[in-house]
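Would you mind keeping the following structure in view while I ask a few things?
The first chain written gets the first letter, and so on, giving A, B and C; residue counts start at 1 in each chain.
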Amino acid sequence: MTAAVLANNLWVLLCGLFVFVMTIAVGLLEVGELGERVIQSLVKTILITGLAVLVMAVIGFNTAFAPTVGGIIGNPFYGPGLILGAFSPGIADSWWSVSGAGLRTGTYFLFETAFAAVTLALVGVVALHKMKLSAFAIYSVVYFVVIWALPAAWIWNPSGWLAKLGMVDFAGGLVVHGAAGAAGLGIVWQIWREEKASGRKTSEVVPYRVNAGWLTIAILLLWVGWFGFNPGSVLAFNDEAIVVVETTFIAAAAAMVSTSMTAYVLTKELFNPLYVVNGILMGLIVITPLAGFVSPGSALVLGLLCGPIFCYAERFVGRAKWMSDPVGLFPGHLAGGIFGVLMIAFFAQNQFATGSGFPTLPNGVLFGGGGAAVKQLGIEAMGIVVAVVAVFLISNLTVRVLAALMKGITTSHAYTGDAETLTGASEKIG
Amino acid sequence: MTAAVLANNLWVLLCGLFVFVMTIAVGLLEVGELGERVIQSLVKTILITGLAVLVMAVIGFNTAFAPTVGGIIGNPFYGPGLILGAFSPGIADSWWSVSGAGLRTGTYFLFETAFAAVTLALVGVVALHKMKLSAFAIYSVVYFVVIWALPAAWIWNPSGWLAKLGMVDFAGGLVVHGAAGAAGLGIVWQIWREEKASGRKTSEVVPYRVNAGWLTIAILLLWVGWFGFNPGSVLAFNDEAIVVVETTFIAAAAAMVSTSMTAYVLTKELFNPLYVVNGILMGLIVITPLAGFVSPGSALVLGLLCGPIFCYAERFVGRAKWMSDPVGLFPGHLAGGIFGVLMIAFFAQNQFATGSGFPTLPNGVLFGGGGAAVKQLGIEAMGIVVAVVAVFLISNLTVRVLAALMKGITTSHAYTGDAETLTGASEKIG
Amino acid sequence: MTAAVLANNLWVLLCGLFVFVMTIAVGLLEVGELGERVIQSLVKTILITGLAVLVMAVIGFNTAFAPTVGGIIGNPFYGPGLILGAFSPGIADSWWSVSGAGLRTGTYFLFETAFAAVTLALVGVVALHKMKLSAFAIYSVVYFVVIWALPAAWIWNPSGWLAKLGMVDFAGGLVVHGAAGAAGLGIVWQIWREEKASGRKTSEVVPYRVNAGWLTIAILLLWVGWFGFNPGSVLAFNDEAIVVVETTFIAAAAAMVSTSMTAYVLTKELFNPLYVVNGILMGLIVITPLAGFVSPGSALVLGLLCGPIFCYAERFVGRAKWMSDPVGLFPGHLAGGIFGVLMIAFFAQNQFATGSGFPTLPNGVLFGGGGAAVKQLGIEAMGIVVAVVAVFLISNLTVRVLAALMKGITTSHAYTGDAETLTGASEKIG
C-alpha cells in the first residue's frame, strides 16, 4: 500500500471503530435519560451491534453498497460482498466504489456497518420497553437488509438513482438521522394502534429519570463516536478530513450554548443536563449532512441555530398524545437531520466539498451559488420526501406483518417502574 | 521511518492501547455479573494494570521476548529489554524479533505488556473476594516474570522451542486464554484446599447479581479491546490486519446469535443478558488463535459453533462443587481457547496466514491440507498439553508457597453480600 | 501530504481526541471520589468541554498560539486562527509554529483545545458544589481567553518570552498542572472569603464517598487520555513519540506502587483505592513536563519518588482549614507539576529531548549537564514563579469581579448530602 492508501485505511478503520461504539452509547443515553432500570435498552443495543455485523456481512452490505440493480438496490449476490468474499481472500481487495482512495473491503465494511447499527439504535429509542425484544430482533434483520439499505443504495452508492441526480448527504443527515426518524414513525404508529386497541386514550408516557453518570458516559461516547462519524465520512485521510473534525466539534459546542440559552429563556432554568446534552447532540446531527462541505465559520452559525430549532421542535412533538418519544428521535434526529440536509444548499462551499470527494457540488446560496444552489435545494428536498416516505412505509409494513405473526409487537405487561429483575429484561417464552 | 514502518508502529501502538483497556474491563465485567459491591474486583484490575507495566518493563518483557536460553525462557539480562534499555536510548530501535516490520521496542513492549496484563485479569476472575488482595499482588509479580512468560517464550518468541516445532497461536488461544484457565485452576485448587480445611463441604458460591450498566460497559470495552487484540497481532498494518478486524467481529456476532439461541433452547428464556454477553466473548475467544489464518466465511462458521460449546461446557463446569467460576474462566477461556487452537488445523488457509507472517502454515483439513494439516493438529495438541500442565503446576506451586508464607491465601471473613465499605475493599494489617 | 506529514497529523489528531476525553473524565473522578450525587461535577465538565471548543475556536487559540505581541500574548486577530479562518479554507494549511511537522491548523487546534479544556477541569475540582455553575461558566470564558492562554503563549508558543529564554515544559507540568493549581488557589481564596463572611470558622469540608465504579472508569479514561497527552506532545509521530508512551506508562506504574506502599507505611491500610488511583495520577503528573526528555530508567526513578511526595504534600495541604481540596488539586497537580518541571534540570538527556524538538536542551545534572543544567534549573524556577503568581492573581481578580457582579460566587445553600434532584443540579433563576 502507498502512504496515502495506508493512511486512508488506517483512518477509516479507526473511525469505523469509533462509530461502532455509538450503538451501545445510544443504549446508555436511554438509560441516562430514562433511568438505570431500563436494562432492556442495553440488551437491545448490544443485540443490534451483533446483528448488524452478522446480517450486513451476509447480505446487507451488498444490498446497500454493491453495484445496484437499476439504481434501486445493491446486487445481493455480488461476490466480494457476499459474506465478504466467503472463503476467498477477496476481502483484502479494494471495494469497487471506494477504490480511488484504496479502501479495502474490510475497511469500508466496518465503517458502513457501524453506521447501519447506530441508525437502528436511533430507531430503537422509540421501542422503549413497549416493543417486544423478540419482535425488535426480527425487525432488525429486515432493517439491515432492506430498510437501512435503500437510502444508502440511492444516495451513498454512486450507482444509486438519487446520487446520479446529484443528491449529496455527507455523513447521513437523511441516510442516518432522517431515515431513523421515518422508520421510528412507522413503529410508533403501530405501537399506538395496539395501545388504542387495548383501550388507552393516550400513549403510555415513559418518564424522565435522569441518571447523570450514564448520561455523561453516553454523551462522551457519542461525541467521540462522531469524531469517526463525520471525519471518517471523507473516506480518506486528507486535509479535508481534518477540517471536518473542526466543523463537527464547533457545531456541537455552539449548539450546546445555543440550546442551553434557549432553554433558559423558555424555562428560566439554567444548565438542565438534558438540554446541555441534547444541545450537543443537535449540533452534531445538524452538521452531519454538510460537515464536509462547509467552513468553520458556517459550522459556528449552524450550531447557533440549533437551540431554537430543537426547543420548538421538542414542544411541537411533545403535544402529540398518541406517541412517546422521550429520547428525542423526532425533534432531534428527524427534524435536525432534514434541516441539515436542506442547509447544504445554503452553506456549502465548493472548496471544502472538493476535498470530501464532491468536486461538482455548487456553492450554497450564501456563497454565491445562485441558480445552481436553488436547483441543489430542489434535489435535496425531493430526495428527503422520497426517502422519508419510503422508509416510513416499509418500516410500518414490517411491524404490521410482525404484529400479525406475533399477536402484536407490544409487550403485554405495563411498565411498573420497579427495578427490573434479570428475568424481566429477557423474555420467558413457552 | 518509511511509510510502512510508520503505519506498522502507529497501528500496533494504538492496538496496544486498546488491549491495555481490557484489563480493567475484565474488572468491570466481574462487577457487571456479580454486582456493584465487589469493589475488590476493580482495585484488583487497576493493580494488575500498573504491576504489569512495572514488572514487564523491569524483567518480564525479557523473560518472554528476549532471545531465549535454549528455547525455554528469554534472557532476563538482554540489554534492550532490561528496563527497556534503562538510561540508554536503545528503546527507540526496533526489537530484534519484529524488526522485519520495523516495530520499535516501545511499540512492541506496550502491545505485549497489555496482553500479559489482561491474561492475569482473566486468571483473577476466580480469585473473587476469596483470595487476599495482598496474596494476589505478590502472585502477580511471579506471574509476569515466569508464568505468563513461559508460554509466550515457547510459542510467540521465534526462538522458543514450540515455535521452532511449528506451533502457531495467532493472538493467544493458548498463550492467553488457555494459559489463563490453567493458571486459574492452580488457584482454585488451593482455594478449595483452604475452604475444605475450614470445614466446608462445597466451595462457597458467589451468586450472580447482574448490573446491566457495568456489564454493558464491560462488553463494549472488551469488544473494542479485541479490535486491538487480534488485528494488532498481525504486528503490522497490512491487508491482512484489515481482514482480521472482520474475522474477529464476524465470529463475535455469529457467536452472540448462536449462544443466545442455544440458551433459549436449553432454558426457554430469550436474550438473557448473560448469554448475550458470554456469546460475544466466546466468539472472540474462539477466533483469537486463528483470526489471522482464516476467511470471513470460516469465522462465521466458527462463531456459529460457539453456542453449543459454551453452553455445554458451562453445564459441565457448573457441576463441580469444589470451585466457583461465575464469570466463566473455564467454560469460556479454557475450553474456548483450546478449541480455537485445535481448529487451526481445520480452518487455516495459507493465503491468509501468509499475511499474518506465517507463510509456511499449511491449509487446514477443510481446505485440502491433508497430511500436513493432521501433523499441524498433532503439534498444536502437544503444545496445548505441555503449556496447560506447566502453567497449572507453576501457578499452583506459587500459591502454595504464598499460602505457607501468609497463613493461607484466602480471606478469613466470609462474604456477606452487604455493601462493602471503602475499608472493606482494602486490607487492614497490623 | 508526505508519509511523515500524514503520520504526524493522524497521530496528533488521535492524541487530541484522547486528551479531549480527559475533561469529562475529571468530572467522573470527582464523582468517583465524592459520591454519585455530585451531578454538578458532570454538568460542569460537559460544559467545560463545549465552551473550550467554542471559545478557543473564536479567540483563545489565537491568544495562546498566534504570533505574540511582544512575547506576552498571541495576536487575537491573526487570520488563520480567528474562528479557524472563519469562512476561508485556510484551516487546511499548516499552523505557523508547527509547520516543520506539517501539522494542519485543525490538527493543532484540536490538540491544544483539549489541553485547555482539561486544565480548566482540574481547576474546577475545587469549585465543588460551592461555586455557582453560572459563575463558573463565565469564569470559563475568561479562562480560555486569558488565564490559560498566558502561560501557553509564554512557554509553548515559540515567540513567547519564556520560550525565548530557553524555558521548556514538555507536556505541561507548569502550563497545565502548575497553572491549574495556581488558578484554583485564586478561586478557593475567594470561596473562603465568602464562607468567612457568612460566619464560618473553617471551610466546609466535602467528604469522601468513594464510588468504585466511577473511580475506575475515571482512572482508566485519564490513563488512556495521557497516552495522548504526553506522546502527542512530541507534535509528530517519530521514534521519540513511542519512547514517550513508555516513559509515561512506566512512571505511572512505579508511582502506583510507590504511593500504595507509602500510604501503607503511614496508615497500615493496604491498597486503599484512593491511594492506588492517586498514585497513578501522581506518576502521570510528575512525568508530564519531562516525559519527552528522559529515559525509561529515569521515568522509573521519578515514579518511585512520587509516593512520599504525594503523601506528605497531601498531609500538609490537609492541615489548611480555610479550604477544601478533596480531589487533590494542590498536593497532586500543583506540587507534582512543579516538582516535575524542576526535575528537567536533573534527569533530561539531550538524546531524548532532540526527538521531542528541543535539540538545545542540556543534559540534566545527573547526566553530566554541569553548569548548563544549573542554569536550566534557574530558568525553570523563574518561569514557575512568574507563571504561578500571574495566574493566581488574574484568576483571583476574575472571581472577585464576578463576586461583585453576582452577589458572590458561592451558592447560598449548604450541601445536604442528599440525593440531588435534576433540578438541584441546574440553577433556578428568576
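The criterion applied here is as follows: a contact is a pair of C-beta atoms (placed from the backbone, for glycine too) under 8 Å apart; a residue touches a chain by one contact, two chains touch by 3 or more.
This is a predicted model, so every value here is computed, not measured.
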- Query: Between subunit A and subunit C, two copies of one chain sequence, what rotation angle (nearest 5 degrees) aligns their Cα atoms?
  - Reply: 120
- Do the two copies subunit B and subunit C share over half of their interface residue numbers, or under half; same or different? different
- Item | Chain centre separation in whole Å, for subunit C relative to subunit B (CA means) | 35
- Task: Could you check subunit A for residues that touch two or more other chains and list them?
- Result: 3, 6-7, 10, 14, 217
- Message: Please output the residues of subunit B touching subunit A within their complex, sorted ascending.
- Response: 3-4, 6-7, 10-11, 14, 208, 210, 212-213, 215-217, 219-220, 223-224, 227, 237-240, 242-243, 245-246, 249-250, 252-254, 256-257, 264, 268-274, 276-277, 280, 295-298, 300, 349, 351-352, 355, 367
- Note on the structure: In the complex, the residues of subunit A that touch subunit B are 1-3, 6-7, 9-10, 13-14, 17, 20-21, 24, 27-28, 31, 36, 39, 42-43, 45-47, 49-54, 57-58, 83-89, 91-92, 104, 106-107, 109-110, 133-134, 137, 214, 217, 422-423, 425-430
